[in-house]
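What follows is subunit A paired twice: with subunit B in the first complex and subunit C in the second.
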Partner chain A sequence: MIARSPAMTENDIVYVRTAPSRALSPPITSVGFIGWLRANLFSSWLNTALTLLTAALIVWLVPPIVRFLFIDAVWSGADREACLATGMQEAGACWAFVHERLSYFIYGSYPVAERWRVNLFFALFAFGSAWMLWLDAPRRGLGALFFFVVLPVTSYVLLTGSTLLGLSPVDTSLWGGWLVTVVVTAVGIVTSMPIGVVLALGRRSSLPVVRFLSVIFIEFVRGVPLVTVLFMASVMLPLFVPPAWSPDKLLRALIGVMLFAAAYQAEVVRAGLEAIPRGQYEAGRALGLGYWKLHGLIVLPQALRVTIPNIVNSIIALFKDTTLVFIAGIFDFLRTIEVARADPKWATPVTSTTGYAFAAVVYFICCYLMARYAASVERRLARADRR
Partner chain B sequence: MRRDPAAKGSFLYDPRLRGAVYQIVLLIVIALLAVAFVNNVAENLARNHITSGFGFLHATAGFDISQTLIEYSISTSTYARAFVIGLLNTLLVAGLGILFATVIGFLIGIAQLSANWLIARLARAYVEIVRNIPLLLHLLFWYYAVLKALPDFSDSYPLPGGALINSRGLFLPKPIAQSDVMPILIALGLGIVAALIWRYAAWRHRERVGGRRPIVWPMLAFVIGAPAIAFAVFGLKLDWSLPELGRFNVRGGAEILPEFVALLIALSIYTAAFIAEVVRAGLLSVSPGQTEAAGALGLRRAQVLRLVVIPQAQRVIIPPLTNQYLNLTKNSTLAVAIGYPDLVQIFAGTVLNNTGQAVEVVTLTLAVYLTISLATSAVMNLYQSRIMQVHR
Partner chain C sequence: MSEPVSRPDPKSALAVEISGLHKWYGTFHVLAGIDLNIRHGEKVVICGPSGSGKSTLIRCVNALEDFQRGEIVVDGVVLTKNLKRIDEIRRDVGMVFQQFNLFPHLTVLENCTLAPIHVHKMPKAEAEATARRLLARVKIPEQADKYPAQLSGGQQQRVAIARALCMNPRIMMFDEPTSALDPEMIKEVLEAMVELANDGMTMLVVTHEMGFARQVADRIVFMDSGQIIEINTPEAFFTNPQHERSKLFLSQILR
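Coming up: the complex of A and B.
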């Protein structure tokens, strides 16, 4: 705009901008989608080359997998004939096989008429875990009582049977599939938590004998592979007890898993205990609390809370380790798939891959969800710390 | 804790006395349990007519082993020999597994922090997918779905260089020396020593004077040059034994078992995902200010990484990295699932079945892994106390 006062000569004309000029939009190459591409994928020659290489890798890998799993897959059929390659058509995943053997993968050889008991057990376990995992749930103390006392007793009666309640006994050699995987995981969690807490307290105890024994146990078990612990449980355990008490195969595996998980859980709990400031102990003692009240009312509730993410991570490890119980001769989820895939009725070139793909998806979903949960609790605790 | 003599309560409340009583009771319970176990074991063994003791180790083993790194014969070798062979097979697969897992793990770990969106995402996906699937499933997949699904030996798939691959394994050309190899091996050893001395001298020079001397190229020159000179002087006649298709099997060449390959791939891929997380956490633990300051001093990106970031990240990375190495070694016992002749498969499997010496066999097997673990953590503690001193 040109400002002009009444008494103005030619020389007085000045240019004064009184309003800001319109902001230019940034160049199209530095914002929006193109800008994002340039910044994140093509920022330099090297980066461009790497991007193209990676994209080629993805194009090379992903379409065949998708084609195998979905497009070429056989969704229904009665036996192997359905899943054989026919002339031009290449055979994809044989989902018909998984569909037909699904009940075996879930229940093993558990009697069909009694499978409602397994379903009830799954429901109770899911209910108990949800109560424990939901940090804002009402009455969590009651939840712990349910999970660590009521659930194990009920499940034991439900699954093994009791003539008193009219439930026909089911031998553990008939158990299999997902049922065994859940039972081993559940027993691992339920028994390893209390033992782990005791061992962790023992390792920090002022009594030298208790401390020494705890350290020996923890370091011994953590120093050897689970495979050898299971070997020990399945061949040495029967030697340790009189023949009349000789545990069945499932129990041997459970004892092995329990000892193994307890040692790892002890270290997780110890990490939690070490995160508690000294002041908490001192304040507790100043209130006149004894050892058990101090730990039960003040230290452990805080220690276990801060270490929830680690506990969940060790549960994930335990869950993956349950696949090793085949060493003790019992049929967990992965083992039932191994058995089914070798069955001549479904023997095709794609059966193994299909079975493994199914197992991988199931394990991945479970582990991934648990890992997400652990991460979310970690974020929540970090928020609480900042406050 | 000092007690006030005036406020002497009942001796039942003396913490020291109580502690002593608890410990004595605990010891008595454990001693009773131990006695009961030993009695039961003795009874059970007597019932099955098994004599205890390690004498069986000197007996002839009499079973075949599919992969032997040292001499072994069915008819004359002892159980002790079988034990050593199993141990060597375990160490072989664990050693190579550690090597591959480290390389893949570091690449993926660094890729996770890449500025390139696609690469970072892909690396992240690798870690999430691989570590959320049980190792046994990885192993079974590679063994049964990939390697065992290869064509039968009569339709062997030829690889470049005369190698063959089929469902029975990988068959590589095997060099057979027709003349003495020793001079070249000695030269290689001397070359490595010279390279290390060069590196040490360069480091001393930098500490004293400050100047930089080239390190990598001279070291390579020593390691490659020394054997090359020995080769030029002494010469070497090599015959290659090429694998050939026979009527019932593959003849000649060096055979690599599919069990070994499957175990190696599964262990490397699985452990690499965990190592990648360790590396990522280590690199993230170095504050961005360090990188920025190094950049402001004019260091190039590679130098920033090598001189500033890695030395600091190392402290965070090495202890959990060692842990992963131990895990890999312990996980190599999964060999038992596919029949790779490792320590557990040979000793806790075949030898145990043949002799029935459960207590001795399991004890020896546990002792091996325990020794490896405890020795490694002892070294780690030493390392950490040194690092801590530097840190303070």
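Coming up: the complex of A and C.
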């Protein structure tokens, strides 16, 4: 009802609405499935062209891949006979080969009787990682102690052996496969981060000698390919050092990876440090905080937070770079697959493709999980930042 | 106002002694021979046109800036390049910045307790109790568990004041504390500063808030081109400035 002004009479009002009219439903072309299609796939001629092109690509690529990996795939068999093409039918992926050599891909040449030690290491590592990565986990301080102190020591004793504990020594030249990939990646990540932070701080130090040494190290290592670093460590070093002094081959590769990753982490962390406003330093100093407390409590927590995407980026790159340790004669996961595919027992036209497909799937799953985890951490921090 | 903050006896008769202070940025002579003594409990307002060196002067007192010639003695401690000395002085001198400079990754309470816990080695519970008391004093006790970004500018600046007070300083320095604030928030910050002044805190304030200067200052220091042009009581400074440049400045700022 509308308020009537005194001048109005009953006859002036022709029609009065007593209820609001029903809202019109939106046009069919802007909501629901059709609306979604128009908005996302066919919003412009360029978008339409891309949609059609992508659809064509999917039709062209996906069926053969699915066919190769699943439909035509051979799932069981004793040797190459199982995976050979029969008559007119083309052979698919030879999963029987992967299945049979899987323990080699995981443990390398680690003695079969001692492989329980590797399994125990995997279990401890998974437990420690989960404790550290689960941000709401109870007693995370204890978890850090376990992950950074207990785990490395235990793993070292467990994997290399100790006559004192009745564990027969296993030379690192026998290590291989996924075990080596995990060890190199974990050691690389855990050691490169603190070294990288120190180098980044050193590069911004007001002490000329510290700054100079940091810059020299970072620029030198960044200027050299990882392959070269590993090659130097494995081939050149023994030429200059007496054999008795020459450290273990795996250890040399680990140090090479560590120094290489540290130089990259240093630049990532430095970018974060540059992003912290000068006022934060001044406020910290004005409160009487010394250099280490200022950086440890105020600057680094903020700097590392803004660089999480970049840190994860270099961690993923490091994970994939570990495949280069084969240069030093170490049999990492990818290398064991490469060795196995050359085995005459499994020599078929599809063995190599299968092996590489398997490696690709495993590496992709790991990298994708790392990226998703990082994204969830970022979302969590963003939620805290919205505040 | 609440209970007076207890402080140990001063080590020196003067809170701050600045003598013959010179500072150059490259060839630019930003401080050209500053002499200034501040007694305990005294409130000194430093004003002057922008670029006159007033912020630089107070930043020299807690060694956020270095200087090339002259001497600064803070509460009996001579300021040298010795880091121990510098930290000793910084613990005695609280500072409030134009841009607040709160730590965004910490809650208000953590902002306030960080330095007492890590510099004074105060137990956490005691530091938190002190922080809550001082947050109540600047009238924002209910904000203790929020993050700085959730607060208005005026609230953030009052947190900054509480954070500095948590270190139990003898001297408080303010570097244009209201210049970055919206007009309606200036008042709440100035009120907190007036209360602090009434409690007997030694204060060194760089500000353009002439109303605050008139109400609180014992002396007004007028600076221009890196020199002190005039030191006077507020009444004398505002009603009868001695120097041409002071008159010009006042005519511009008071309209």
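The criterion applied here is as follows: the second predicted complex is superposed on the first by the 309 of 387 C-alpha atoms of A that agree within 3 Å, B and C clash if a C-alpha of one lies under 4 Å from a C-alpha of the other, contacts with A are read in each partner's own complex, and residues count from 1 in each chain.
By definition in this document, contacts are C-beta pairs under 8 Å (C-beta built on N, C-alpha and C of every residue); 3 or more make two chains touch, one makes a residue touch a chain.
Quantities reported herein were computed from a predicted structural model and do not represent experimental measurements.
Engineer: For A:Q302, select first, second, both or neither according to whether it touches subunit B, subunit C, the two together, or no partner.
Structural biologist: In the superposition, A:Q302 touches subunit C alone.
Engineer: Should A:T54 be classified as contacting the first partner (subunit B), the second (subunit C), both, or neither?
Structural biologist: After superposition on chain A, A:T54 lies in contact with subunit B alone.
Engineer: Once the shared chain is lined up, is A:V224 touching subunit B (first), subunit C (second), both, or neither of them?
Structural biologist: The first partner, subunit B, only.
Engineer: Mind telling me which of the two, subunit B or subunit C, contacts the most residues of subunit A?
Structural biologist: B
Engineer: Which of the two partners, first being subunit B and second being subunit C, lies in contact with A:L334: first, second, both, or neither?
Structural biologist: first
Engineer: Does the superposition put A:R285 against subunit B (first), subunit C (second), both, or neither?
Structural biologist: Second partner only, subunit C.
Engineer: So in the superposed three-chain picture, is A:K293 touching just subunit B, just subunit C, both, or none of them (first/second/both/neither)?
Structural biologist: A:K293: touches subunit C, not subunit B.
Engineer: So which positions on subunit A get touched by both subunit B and subunit C?
Structural biologist: Looking at subunit A, the two contact sets are disjoint.
Engineer: Which stretch or stretches of subunit B touch subunit A in the complex?
Structural biologist: My answer: residues 19, 22-23, 26-27, 30, 37, 40-41, 43-45, 47, 114-119, 122, 128-129, 131-137, 140-141, 144-145, 149, 330-331, 333-334, 336-337, 344, 348, 352, 358-359, 362, 365-366, 369-370, 373-374.
Engineer: Taking the touch rule as given, give the residues of subunit A at its contact with subunit C in the complex, in rising order.
Structural biologist: Subunit A residues touching subunit C: 277, 279-280, 282-290, 293, 297-298, 301-302, 305, 384-385, 387.
Engineer: Quick check on the complex: what are the subunit A residues that touch subunit B?
Structural biologist: 40-41, 43, 47, 50-51, 54-55, 57-58, 206-210, 213, 219-220, 222-228, 231-232, 235-236, 238-243, 316, 320-321, 323-324, 326-327, 334, 338, 341, 349, 352-353, 356, 359-360, 363-364, 367-368, 371
Engineer: Spell out the part of subunit C that touches subunit A in their complex, as residue ranges.
Structural biologist: So the residues of subunit C in touch with subunit A come to 62-64, 83, 87, 90-91, 93-95, 97, 99, 101-105, 114-115, 118-119, 146-147, 149-150, 163-164, 167.
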